[in-house]
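Look at the two complexes coming up: chain A is in both, with chain B in one and chain C in the other.
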Partner chain A sequence: MSPIPIPIDGGAVLTPLQAGMTLTPLQAAILAFVLGCALVAAVLRDVLGVIIASAAYSLGIAVLWVILRAPDVALTEAAVGAGVTTLLFLLTIAKTVRPSDERRLELPSPRTAVVVLAFVAVLAATVPAMPAIGSPDAPVVDSRVTEYYLENAYEQTEVKNVVTAVLAAYRGFDTLGEAVVVFAAGVAVLLVLKREVFV
Partner chain B sequence: MSADGTGPERGPEGNTAREWERGPYVESTIIMTTVRVVSPFILTLGLFVMFHGADSAGGGFQGGAIAATVLLMLAFAFGIEPVRDWIDPGTVLILMAAGVANFVLIGLGAIALGGEFLQYDVYPIYHGTKYSIELIELGIGAVVAGVITGLFFLIAGGFEAAEPIEDTVEDES
Partner chain C sequence: MSAPSPLVSGVLLGAASAFAALAVVVLYRVLRGPTMQDRVIAVNVIGSNTVVILALVAAALGEPMYLDVALVYALLNFLMSIAISKFTVERGGVI
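Right, the complex of A and B next:
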């Protein structure tokens, strides 16, 4: 928790807060792209444009996950967030009516803006409490749970991907619950639409 | 799909509502050719992610989602109805049910062999834990692929197809 200085590549010493703020140009560009997409999705009036903007947002986030060394999350985000959700939204607007209007932009109502900004402020207040990206003294690095998984996962489960080991073996019961939730979602849609088969 | 930007203002004769009901599918050579070239690779990637979830990034959830995306792309390019006719409805149901049943049975099988629920190392096969986990990943992939495919075609079908069941209920009463 104490701000121990981190030596980085060039030998310069930064506090964790400063180190967290040293984004590479690529990360900064993707962050700006993601924020831009989110803002466009919020203010654009045409629903089709909003869907495209949110798909681009998901794609940017997926690239960010890859850069932050979370390929499992990135794959999910790219396939579900950018791909499947976008298609489901497109299907939905194809079955409804797109309002034709001269105005291209519509700012959120003041009440919505206040609520969203307050929520962002609450989230932003937690950012200084997080460790810097890649910080060696982040709590998760020397956590006993992390060390246990990294040391024992291969011997105990014989799979090299520790994420899979945790999901399928150590937390297998939770994952069974997740699979059942996905199954139940499919059954629920069948029930709501009063159909017996999916296709 | 509706990317051509035509809105309700398209039909001055007042037939826009019916056009929207059929779905604003536009046949596009570019999209069809692209999907035809790209889809085998995406399906391979999805299966790779599913089968190699134990040793590299990904797993059943991701691989299943990627594999299902292929069907969604085909529907996007060639129209929803032809792809709906092409898919066997029973296969989608079996995929989903078999995926969950596979997971539960592997868990119960461990109990039958004298272990705890989902205790993979009691299976008396070579690398039992590893292959149990890989089998479970495949099952999860089947569930996810089945549900995503099903959700897409169900939402595309909407409420219209609900009427046959309601009719039979009325007949019985």
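Right, the complex of A and C next:
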């Protein structure tokens, strides 16, 4: 079976982030904005200010998703990152205490900085090794696992969409676990809100 | 809606870049404050900026579907500002 060609938006040009590592001015500006938001959220002392900064971070990162041609991810980021998370954080600090003193900024502790730097180092070491987005040479395109699913999914599960077949049949227990997580999160939100139903 | 000519899309993307740079500048107001109301207004400006950037990108790439994201953003931006404002006025009243 020949490798499956990946349609990229009807032959549209790849964004520079996909083609190489050069940035357009728009991407550079948004990345600077997102980085700035993250730094502001890290150094602000007041948690309400941190919530506002992380909401702005969410807004910025979702624009980046749109530029990378993933509007569905951008919608989710907007709804969850900017909307639901902000509300839940506000509810949380409404029910707990806010440290209130005169200091406006507080640098993160050295231990936190070390952990963050280690994580950045891991990312810097592993991310460049990944194949380019949409690359026809990516291992997943012509791997035996992909071909197995494409050839046998319909006969074995009688589900026409291969992605749905993998999610609901081959990885059914994994999906069940995810559903349990979502259910637990919903119950936790109801507990925080002290309500019995949503809406 | 098909993708516009390279000149037009370049101008649109350039305008979007200018708006993104403006958002970076407004971020200073989020950091500096000094009051929480300043921060709420600043994040509201950033949200409006985001909607404009999304609309410009949608026009530049010729993808009307991206306008849906911009619409959701406009709604959420309003919701977020209202929630934070209400929180600063009456503590605990979020929704």
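Miscellaneous remarks
Just so it is clear, the second predicted complex is superposed on the first by the 112 of 199 C-alpha atoms of A that agree within 3 Å, B and C clash if a C-alpha of one lies under 4 Å from a C-alpha of the other, contacts with A are read in each partner's own complex, and residues count from 1 in each chain.
The working rule: contacts are C-beta pairs under 8 Å (C-beta built on N, C-alpha and C of every residue); 3 or more make two chains touch, one makes a residue touch a chain.
Note that the coordinates shown come from a computational prediction; the quantities given were computed from them, not determined experimentally.
Judged by the touch definition given at the top, the superposed model places A:Pro71 against both chain B and chain C.
Contact with neither chain B nor chain C is seen for A:Met130 once the two complexes are overlaid on the shared chain.
With both structures placed on the common chain, the touch criterion links A:Asn161 to chain B but leaves chain C unconnected. Of the two partner chains, chain B is the only one that A:Phe173 touches; chain C does not reach it.
Contacts of A:Glu196 after superposition on the shared chain: chain B is touched, whereas chain C is not. In the superposed pair of complexes, A:Val63 makes contact with chain C only, with no contact to chain B.
Which of chain B and chain C touches more residues of chain A: that partner is B.
In the superposition on chain A, A:Leu26 makes contact with chain C only, not with chain B.
Of the two partner chains placed by the overlay, chain B and chain C both lie in contact with A:Leu90. In the superposition on chain A, A:Ala79 makes contact with both chain B and chain C. Annotation: chain A residues 48, 71, 74-75, 79, 83, 87, 90-91, 94-95 touch chain B in one complex and chain C in the other. Looking at the complex, you find that chain C touches chain A at residues 3, 13-14, 16-17, 20-21, 23-24, 27, 30-31, 33-34, 36, 39-40, 42-43, 46-47, 50, 53-54, 57-58, 61, 63, 65-66, 68-69, 72-73, 76-77, 79-80, 83-84, 87-88, 91-95. Those residues of chain A that touch chain C in the shared complex are 12, 24-26, 28-30, 32-33, 36-37, 40, 43-44, 46, 48-49, 51-53, 55-56, 59-60, 62-63, 66-67, 69, 71, 74-75, 78-79, 82-83, 86-87, 90-91, 94-95, 104. Within the complex formed with chain B, the residues of chain A that make contact are 48, 71-72, 74-76, 79-80, 83-84, 87-88, 90-100, 156-161, 163-165, 167-169, 172-173, 175-176, 178-180, 182-183, 185-186, 189-190, 193-199. The touching residues of chain B, when paired with chain A in their complex, are 1-3, 5, 7-9, 20-21, 23-24, 49, 53-59, 61-62, 65-66, 68-69, 72, 76, 84, 87-90, 92-93, 96-97, 99-100, 103-104, 107, 117-118, 120, 127, 129-130, 133-134, 136-137, 139-140, 143-144, 146-159, 161-162, 165-166.
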